[in-house]
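Two complexes follow with subunit A in common, the first pairing it with subunit B and the second with subunit C.
Right after this comes the complex of A and B.
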């Protein structure tokens, strides 16, 4: 009895913050999604207009499709790059000190500003940027490529740049806990390096892959700033749809879109969580 | 030691390219921030100067970046302290079973994966409807906690999963109270990890954008200020600012990593005092 009371007391601050700044805002958004709006104000109501409009608009489907597209392509790239990097760190770097040093080198950008990291692509990708200058000087192209910046390409490039470490960290973490004797056993039984990788390491790394996947997919699906910045406002995803409505003070409509987005994200996570028990993997 | 296989070299090259991909752009803008006064946003360099760094210090050239920096720094410290205290407390709580633990855990995970714009929108709406003033130290502070606390909590799980319970049991056997056990046994042992939580708390807050966007009110934090600049500043001054903030982040990370390093070192030097009596 007293034991669970102490636990309650210790958990209370976390619970209070999450109720106040997570649960309450979600409830508020759900409520406001049924409200009405004029051009300059919103008023309480209980109407389904916002949802009706959302689901009747062709834009919604296009934008949701774009969101899934970004999420899927980014996922494919971050997973293949992240897995390769983690595999190198975990199985090919021999000393632990070196492993830690290289691992830190991979994670440091996570603690710096995302906005700056996006800005730093401009000198690379611009019309007269480094990429175009180099390609022209090599004689590969005659005219600068226009699609390098402010395109799907730059959006996805930025996503991969920002989020690959969300794959590296959990995958590296699970790989480090693989019993090395299992790998030796595979070799002893005549498995090739590829077979060992595919039939031993990949299955054992699955929980890490799933956690990384959850991170990357939800970050990309909920994003609004990378798409806006890297596409020069020329591309849209659901997050941008919401932030545009917010900019126009159309909070009820923004809320309805937000509710649909939240449901979508939660369904995706629920599916992914079936494959992994997060608490066991830490 | 066996010789390196060919796949090692292939993978090492891949890793090096990955690092180049991670750091290359940042290094590029660092170089470009030294552009001469006539220089543009990309190469070639038009002379080398500190012009754009000085430009940053001119009050009216760009917005209120020093005010924004002070606010971000203060907010970062607030979030850091709160994240450490709340995460440790919650971490301790989750070691025991208590009713509602499962729900609280899933709430924390939801807090981590929820699209940030929902927090921004929801908190903004609540403050608006309640007639409260939106301010970085109230609504902004709370919104950022929804991002830093789950990280803190997950780190605490990782820490306590590896924690040797016999230390505590020994303390208890020697008659330590619950509070004494936490204060003199658990906290000193997990101290380096707490620095990790602090690092997450500070840097995630210092760079946080999406959840602060609608909850900072009329006084911007630094990332918001920088984002505002991207739409109307077309000179390398933005690179100079980017370089300075990145250097500041590196400084903070370096301080944390060095502190942990020396802590571990001192600890291994001090070693065990078993058998030396009291």
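Right after this comes the complex of A and C.
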């Protein structure tokens, strides 16, 4: 009796924090998503109007599609860059001191805030920015490239810049656990470097790739600020839809969108977890 | 599988920076022998094996297999196969796919490579575990799979890097017998690195004892044991006393020491019952330790206790002069 009481007591602080700051707000959002709203008021109710409107609007589908597009393209770039960097760190850098030094180098951008890192792209990519001026002075282009800033290109560039490290860290971590004698065993069995990479390293790195994928996909799908800044408010994703609703004090509608987004992300993660068992990595 | 491939090491050297790991060794491994590379840790035996395998670059000298200098060929092109200390099985592949790995790398189709893998699993008696993952096998079973994977490449020489060190003592003795049996059946050369002299004696047709980056002594197992050439070999192989007699060092087998009424005076310092023998550690008047292995029956006719004075004798012909 006393033992189980102590156990409850030990589990209580975390449980209280989780209930208070995670479960309760989500329940609140779900409840509000059924409420009603007029131009000037919000009233408690249990109605499906918000969802009905959301699913009947063509904008919703377009914005969800854009969100998936950002997530997918960002994922593809962060994965290829992240895997390459992690591979280099784990297998080509010989000394551990050097590995740690280079790894810390990767984290330096994280010493400033997300928004500053984003905004610093603007003078670089702008119409008269460094990139355009340099390209013109080299004679590669005659007039400034318009698509460098306030476009899908700049949004994805910022996403890749912000989130590649979330791919590098878990992949590097998994790669460091690969027994080096497995690589030798592969060479001993006649595998070329590419074959070793494909048949030994990639399969053994899958859990790390999966964790990185979950990070990047959830971060990109939940983002709104990057899309707003880097597209100059010309592009939309689900996060911006929610943020606009909140700006207009349309909380019920924002909640309904948030619930749909949450479910979508959870489904994506559930599908990803079907492919790879990450439990032993945690 | 092939037989009759000689392996020759010519002035083989490995340097790590300023450290000499292997110092210009020459050795001729005759075909079809079970050879044990023996020595304390850091003596260069593993580096030697890894240079033969091609997992370590050769600083100078060469590895000559069947008349061809293979020193700079990649591991898989040499005709050697290596069995790793921790087996290095691919954890994401089934037992069968592990064994078939090298065939898959060569682009052999699935049916053919599985057929070949099944044959080798049969050889090591692991057929019924073919669909399991390595993590679901015991240490001994993993070792058999590693063996099958190494043999599937049809090597001329199998290199084993301390293959038994990860097993418990009981299993070690059983696997030892299986390795020996397999080598007889296949008739190819096995080169087995170990730091255990009992393992080396049990398995090796031939022993190569290394110390400080050079070969101290090599030869048939019985010759090395019966006639150690240096003090290091005598001490490392165990069962020998090294004593100073008339200004030079000699080796004397512990079971050749006769404890009786005449000979050199000594005091018993420890008595250890070992089953068939009793190990009697004694100290002579000059302060040297001499171990006598007395047959159990003989000992209990007149038991000795620590502190007792005894006399040690031996047949002069059994003394064995050591090189300085």
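Quick note on the criterion: the second predicted complex is superposed on the first by the 267 of 282 C-alpha atoms of A that agree within 3 Å, B and C clash if a C-alpha of one lies under 4 Å from a C-alpha of the other, contacts with A are read in each partner's own complex, and residues count from 1 in each chain.
Criterion: contacts are C-beta pairs under 8 Å (C-beta built on N, C-alpha and C of every residue); 3 or more make two chains touch, one makes a residue touch a chain.
Computed from a predicted structure; not experimentally measured.
J.: Looking at A:141 after the superposition, I want to know if it touches subunit B, subunit C, both of them or none. Which is it: first, second, both, neither?
T.: It touches nothing on subunit B or subunit C.
J.: Of subunit B and subunit C, which one touches more residues of subunit A?
T.: On the superposition, B touches more of the residues of subunit A.
J.: Given the touch rule stated above, what does A:98 touch, subunit B (first), subunit C (second), both, or neither?
T.: Neither partner.
J.: A:191 in the overlay: touching subunit B, subunit C, both, or neither? Say first, second, both or neither.
T.: second
J.: Of the two partner chains, subunit B (first) and subunit C (second), which one does A:267 touch, if any: first, second, both, or neither?
T.: A:267 contacts neither subunit B nor subunit C.
J.: Let me test your reading of the model: by the given contact rule, A:14 touches which partner, first (subunit B), second (subunit C), both or neither?
T.: Touch partner of A:14: subunit B, not subunit C.
J.: Based on the superposed arrangement, let me know which partner A:45 touches: subunit B (first), subunit C (second), both, or neither?
T.: neither
J.: Under the contact definition given at the top, report the residues of subunit A touching subunit B in one complex and subunit C in the other.
T.: none
J.: For a test of understanding, state which residues of subunit A touch subunit B in their complex under the given definition.
T.: Touching subunit B from subunit A are residues 3-4, 6-11, 13-15, 17-18, 20-26, 28-29, 32, 81, 84-85, 87-89, 92, 94, 102, 104-106, 108-109, 111-117, 119-124, 126, 128-130, 133, 161, 164, 193, 214-215, 218, 221-225, 229, 239, 242-243, 246, 251, 254-255, 258, 261-262, 265-266, 269, 278-279, 282.
J.: For the complex, which residues does subunit C have touching subunit A?
T.: These residues of subunit C touch subunit A: 53-55, 74-76, 81-82, 84-86, 88-92, 101-102, 104-106, 149-150, 153.
J.: Under the definition above, what is the set of subunit A residues touching subunit C in their complex?
T.: 179, 181-182, 184-192, 195, 199-200, 203-204
J.: Quick check on the complex: what are the subunit B residues that touch subunit A?
T.: 1, 7-8, 11-12, 14-15, 18-19, 21-26, 28-29, 32, 41-43, 85-87, 89-90, 92-94, 96-101, 104-105, 107-111, 113-119, 121-123, 125-126, 129, 142-143, 145-146, 149, 153-154, 157-158, 161, 178, 199-200, 203-204, 206-207, 209-210, 214, 223, 226-227, 230, 238-239, 242, 245-246, 249-250, 252-253, 257
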